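We just call them A, B, C and D in the order they show up, numbering each chain from 1.
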Amino acid sequence: MNSTTNKRKIINDPVFGFINFPSETIFDLVEHPYLQRLRRIKQLGLSSLVFPGANHTRFEHTIGALHLMRQAIDVLREKKVSISTDEAEAVSIAILLHDIGHGPFSHALESTIVSGIGHEDLSLMLMEELNREFGGKLTMAIEIFKDEYPRHFLHQLISGQLDMDRLDYLRRDSFYSGVVEGMIGCDRIIKMLNVADDRLVVDKKAIYSVENFLIARRLMYWQVYLHKTVLAAEFMLINILKRAKELVSNGNELYAPPQLLWLLKHGFSKENLKINDNKSIMIKNFVALDDSDILSSIKVWSTHPDPVLSWLSTAIINRKLFKIKISDHQFSEKKAEVLKEQLNTKFNIPKKETSYFVFQGEITNSAYEPSSEEIFIIYNNGKRADFEKASDINLSVLSKTVKKHFFCYPKELTLK
Amino acid sequence: MNSTTNKRKIINDPVFGFINFPSETIFDLVEHPYLQRLRRIKQLGLSSLVFPGANHTRFEHTIGALHLMRQAIDVLREKKVSISTDEAEAVSIAILLHDIGHGPFSHALESTIVSGIGHEDLSLMLMEELNREFGGKLTMAIEIFKDEYPRHFLHQLISGQLDMDRLDYLRRDSFYSGVVEGMIGCDRIIKMLNVADDRLVVDKKAIYSVENFLIARRLMYWQVYLHKTVLAAEFMLINILKRAKELVSNGNELYAPPQLLWLLKHGFSKENLKINDNKSIMIKNFVALDDSDILSSIKVWSTHPDPVLSWLSTAIINRKLFKIKISDHQFSEKKAEVLKEQLNTKFNIPKKETSYFVFQGEITNSAYEPSSEEIFIIYNNGKRADFEKASDINLSVLSKTVKKHFFCYPKELTLK
Amino acid sequence: MNSTTNKRKIINDPVFGFINFPSETIFDLVEHPYLQRLRRIKQLGLSSLVFPGANHTRFEHTIGALHLMRQAIDVLREKKVSISTDEAEAVSIAILLHDIGHGPFSHALESTIVSGIGHEDLSLMLMEELNREFGGKLTMAIEIFKDEYPRHFLHQLISGQLDMDRLDYLRRDSFYSGVVEGMIGCDRIIKMLNVADDRLVVDKKAIYSVENFLIARRLMYWQVYLHKTVLAAEFMLINILKRAKELVSNGNELYAPPQLLWLLKHGFSKENLKINDNKSIMIKNFVALDDSDILSSIKVWSTHPDPVLSWLSTAIINRKLFKIKISDHQFSEKKAEVLKEQLNTKFNIPKKETSYFVFQGEITNSAYEPSSEEIFIIYNNGKRADFEKASDINLSVLSKTVKKHFFCYPKELTLK
Amino acid sequence: MNSTTNKRKIINDPVFGFINFPSETIFDLVEHPYLQRLRRIKQLGLSSLVFPGANHTRFEHTIGALHLMRQAIDVLREKKVSISTDEAEAVSIAILLHDIGHGPFSHALESTIVSGIGHEDLSLMLMEELNREFGGKLTMAIEIFKDEYPRHFLHQLISGQLDMDRLDYLRRDSFYSGVVEGMIGCDRIIKMLNVADDRLVVDKKAIYSVENFLIARRLMYWQVYLHKTVLAAEFMLINILKRAKELVSNGNELYAPPQLLWLLKHGFSKENLKINDNKSIMIKNFVALDDSDILSSIKVWSTHPDPVLSWLSTAIINRKLFKIKISDHQFSEKKAEVLKEQLNTKFNIPKKETSYFVFQGEITNSAYEPSSEEIFIIYNNGKRADFEKASDINLSVLSKTVKKHFFCYPKELTLK
């Protein structure tokens, strides 16, 4: 009789139950500060302002996706898809690290501080850092992540229409937001996975589960990810960060933790990255940043002398969110003018700064699905078919990017 | 301080938690033998042969639908839809009694013993019996059931695209079958119900929940209700009852409880109903019938001298189910001939009886949805729109009847 | 790419999710009529009269316990407890078959038809039958079942304070009855299992989970298994079977399926078993019996000319259950006399038969826990300790048999 | 047909489903910055370092407790306990506000910055502020909170052995930590509540649910609230704040948001409160504080020149938590000396500061249960009994304070 070693700790996950770590390297990666940072970054940013249970973090999501990957590997191996021990570890590492490039409130950050660099590029950058630290143990994982490893289906497990990332986040976001009907059948979909011609496919009888998955995802988009109140909050946050950046660049005094201040001053851009010294400083500051810095700063900014910064900050902190209207059509610039006029006359906001309060733009439901590869199904006779054709529902609309227009302004203003 | 009266008992439901009965009349109805009989009739017939947890009964479903009706009434009243106390009780009674006309293994029964009378007609017949017993207290409920009550939306609550029957059975069947992705958001859909122009409608923001509901229903059809192994079992049961009827009508001795024997002998048909004396005897025998009679008899029949009856009965009891193939096209009669030949030569089944073992036919997914009324949505401005048009998915296919062909034969035979 | 073989079917369990069968022999056993029969025997007998969701069967429970056994084996092996492939299969078979000796409504049967033979003896008898059929493949499983296999802890996994039987039934009964607070942490307890000195033990940190398990079991006893309305129904059923037996032995005509009739006539007793021919007939009739025979017969009996049989049968079928009073003390015989007098004068029940309607007796909460072995805990240093001593709650009362008295009579009678 | 007003928004709670707000005043209170602040304070502080799902906030808990209160009021009213509309609102407000005095990481704060003032005093102070703002509408709620309202049972609903606070937090903490066996039967306990002699009691048949509740609470204490790794983290956080305070008071430069800096400098003490001007400044700073300030500061402190502050801060942020040993007995001071010696020689920590790293102390499980009132049960005859006597388990130990000793030190040190 022996006890298990420390490296095989069990994690208690409210969504999937007990989760074990498959290897020591993976355990060591989980313990690394880059991964631990994800404990301080909420998966759904400001969504908890609408769904009070949605406080789950990218750390949890990462562990959940790792767990599903293990199941997927087991299922595929049972179906005689050969996956070596090294490949299994590599694809597990790839899913474990797929989100390490996320900053706090990613969308807001990527519209302000970080420019020209997606969170996937950032993840890759940090993976490469880690690979140096771990003496090359992550090389195959990185190849899989970049889709440069010869076996394409391994990449699809981490980034594809039915990847473990999506399966976990849809299930988890549904669980914590309380939107029960967004629940997908992870287990069943994974049991139905298979590989044909080096491509991830699903058995024919999974067709209804996949349809359900696609519809559930759509529901989660419109009901949760693109919930209009959440969007209003996110756009307000973007404007806060823009304003902070503007103030800093104009030489104004601004309270912020040093890493945030540095990023507000210098930004995190492709151009800057090319300068070698900058790169390591940029990364150092980026990985030091999490939700707490943004929230803590906004609270302090709510009493800043700048009326733009303080109004917006107070509004976010006290949840006095702006009104938001969504439409299939663009909003007239005239309406905006009326509101901006009110801001100027009633609230003394200088004309040129009114667009921090009254603004419009576009939203699309494609933010989360960059992948364009089709889902294939496989028949018992081994033949592959396009999912679209196998389903008798017209699902094309589900993969189509839907673009909508929004229009935002403070509740204190009146639109006649 | 007082304790609650006996008539307000609480029921513990694994799906919805504690359920109270809203009135004494309803409690008395629940206690009536007609309702208690539903405790002995499984909601999903032979489905438990595939989904071992699906042993829930029509009684549970009935109580669950009653519970949802209470919620719907509360929601509508909060939205200022006036529903009188009498109407609330009547619509609750209507949902409580909507299934009392179901016999055991309804589909099998309706293809054999009961002819020309649907379970809805039977429910109505029994409701009228009860109304006499309850001194006319059920009159309004019956009007609502028959859609003869002036306020149409009340009928829609018990029989329509989004009625409480469907909401309960989809949720409940998903729960007990373990097909988690069939879970629908009952709560949310009910919260979104409203009434416009005397028609049940849903608020615009329910659109994704309703899409999800439609897709989940579709999934439940193909994955559970029309699961091919379940279908094979049901068709075998139909043939068992047909054969038993044949044997009885040919004067053969057959073990069966008296009520089943009577029904095998005389049937339950529209013609017979017209003869007054028969009606009460037929009803008496019908309400004495439940799952246990069928199962108990089949076990005894498994050793009956008739080879057709004994083979089929043994196969059902020991779960040696026939093979079943499903296709979009009809199967060739030639294949059937080959198999029938084998039956005759290898298993000594007389030619004319081989069609009890080798048979084909059609299935449709419309069995459960006779209603053809559209779902309407209502916009904030009070305008009504057809759901189909409001949704940007082409959902027409979901309401379309899909017809498929099946082909069934014993595993002992070989199809080259 | 390959598909899995037919022998590795997956079962969808509402409690534990997808369940795989670990080996072909196990799959073949599951398909055997002895196991399939358990699909027609409810785990909790008449409890569904009080908990309408409690319709789950012994079949489901058996599959669930098999699933937990697989988990337990994995956990123990991870802790370096060596368990050979043969042992793993044997202990899995033992748990799979542990309940095959259960008849329908076991308690009622064991008080009437079956005498002097517990369901464990019956299980053993049937296992031996199966072992012959399976060519000796069950020998080790039977040794483990009988605790004759050298490694005692394997027996404890199927029959002990923390066996897989108990873990499954508590979790499952809590799930289906809707008594959520009876939920135990199966997963956690299994993760904490270990073996020391050939004895099943739990790691020290499981102490609170085990306390919780013991208290949850106690709650399930008093709230579900010994719920007084359920008890009333069970005692009524016992009296129905006693009366039926009496009528049959007095030569009265009685409808019943042949297997039930045979057992009512001849009984299933130790003495009879010794006569070799009888044994095989007895077993044949016993394994042909299930819930449906009892229920179907009772319905027919509800119109039997014997007033005792018909009253009791009607009362069970229509759920007009007797009143039951529970007390720590015996009830006075005098009260019973008053009620019996009423039965005689008001309802024309002959004096000598009044005790079918007015009766008292004892109940104990020990029915389900014949095992008397202690739970041991193991400290990090490898030392073993008695659980009782490790817990600072006085749990002795939990293992003590509690005896209570009940008193039953028809609601139509009045006790002043 | 009308839509509901804005003031009746619905909240989606993963634990209890949809929650409505009972009145406009309550809705306005929820919108107040004091309540909104609770969105930024985790219910379980640092527990998410061990239970990654435990990120739920005091805001969610507060809304959940409000929801249970509504149910309790309904149940009591059904049992003819008269509760006026004003009382119902007042007791709902009292539960809504019961936690507003909690700061971030309460235990750590109350050992360092806040001195001599419990969170209940703070809640009261803030309630009185709010009462002024709301024009006296909270007066009755405050009386109930302080137990000065004539009807004592109303106070017990917010603070007693079975109050809505406890029912919610046990259920919620169990849900989010994934410790499923800590699940209590809120619904059942609430259904069993009653009032006798102005005291909250439970019906007799609740006895097993209450036992289960007490055992589940105990399990949650030892498994979650006093989990040793969580304790280690909390003690490290206390030491961080102590050190920060020390550095500030010695005039060292320290990064921190202004509200935290103010509190580190001046503290929040009873003495200070007496000086009127201070009171409002103190409160202003206190309500501006939340989890984000502490976390954001600790990250910055991890690179502070002071080796004590930076080591501890780095350890918390990167989850390199100290070892912790728990024992029934005190640890020897000698062991501590050995470790401190190592700190000094190997890690250059000055002798006088080694006690920031190597420390011992006591923990008790009584932190969460200041109430000492007994639970009473009520028999059908209206008689009241002490719960202890009604239960046949010796539960006294459950209410007894258990004291244990802990001993903490960095993993880098070695204890021979």
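Please note the rule applied: a contact is a pair of C-beta atoms (placed from the backbone, for glycine too) under 8 Å apart; a residue touches a chain by one contact, two chains touch by 3 or more.
Predicted model, so just to flag it, every value in this text is computed and none were measured.
Undergrad: Taking contacts as defined above, which has more of them, A-B or A-C?
TA: Of A-B and A-C, more C-beta pairs in contact link A-B.
Undergrad: Quick check for the class: compute each chain's Cα centroid; which one is farthest from the centroid of subunit D?
TA: Centroid comparison gives B as the farthest chain from subunit D.
Undergrad: If you average the CA atoms of subunit B and of subunit C, how far apart do the two points sit, in angstrom?
TA: 31
Undergrad: Round to the nearest whole Å and give the separation of the Cα centres of subunit A and subunit C.
TA: 50
Undergrad: Roughly how far is subunit A from subunit B, going centre to centre by Cα mean, in whole Å?
TA: 44
Undergrad: For subunit C, jot down the residues that touch at least 2 other chains.
TA: 17, 179, 187-188
Undergrad: Where on subunit A does subunit D make contact in their complex?
TA: Checking each residue of subunit A against subunit D gives 11-15, 17, 31, 33, 36, 39-40, 42, 48-49, 51-53, 55-57, 59-60, 63, 175-179, 255, 257-259, 288, 290-293, 295-297, 299-300, 317-319.
Undergrad: Can you name the residues of subunit C that touch subunit A in the complex?
TA: On the subunit C side, the touching residues are 1-4, 8, 10, 17-18, 78-81, 187-188, 191, 194-196, 203, 380, 382.
Undergrad: So in the complex, the part of subunit C that touches subunit D is made up of which residues?
TA: 179-185, 187-188, 208-209, 211-213, 215-216, 218-219, 222-223, 392-395, 397-398, 402
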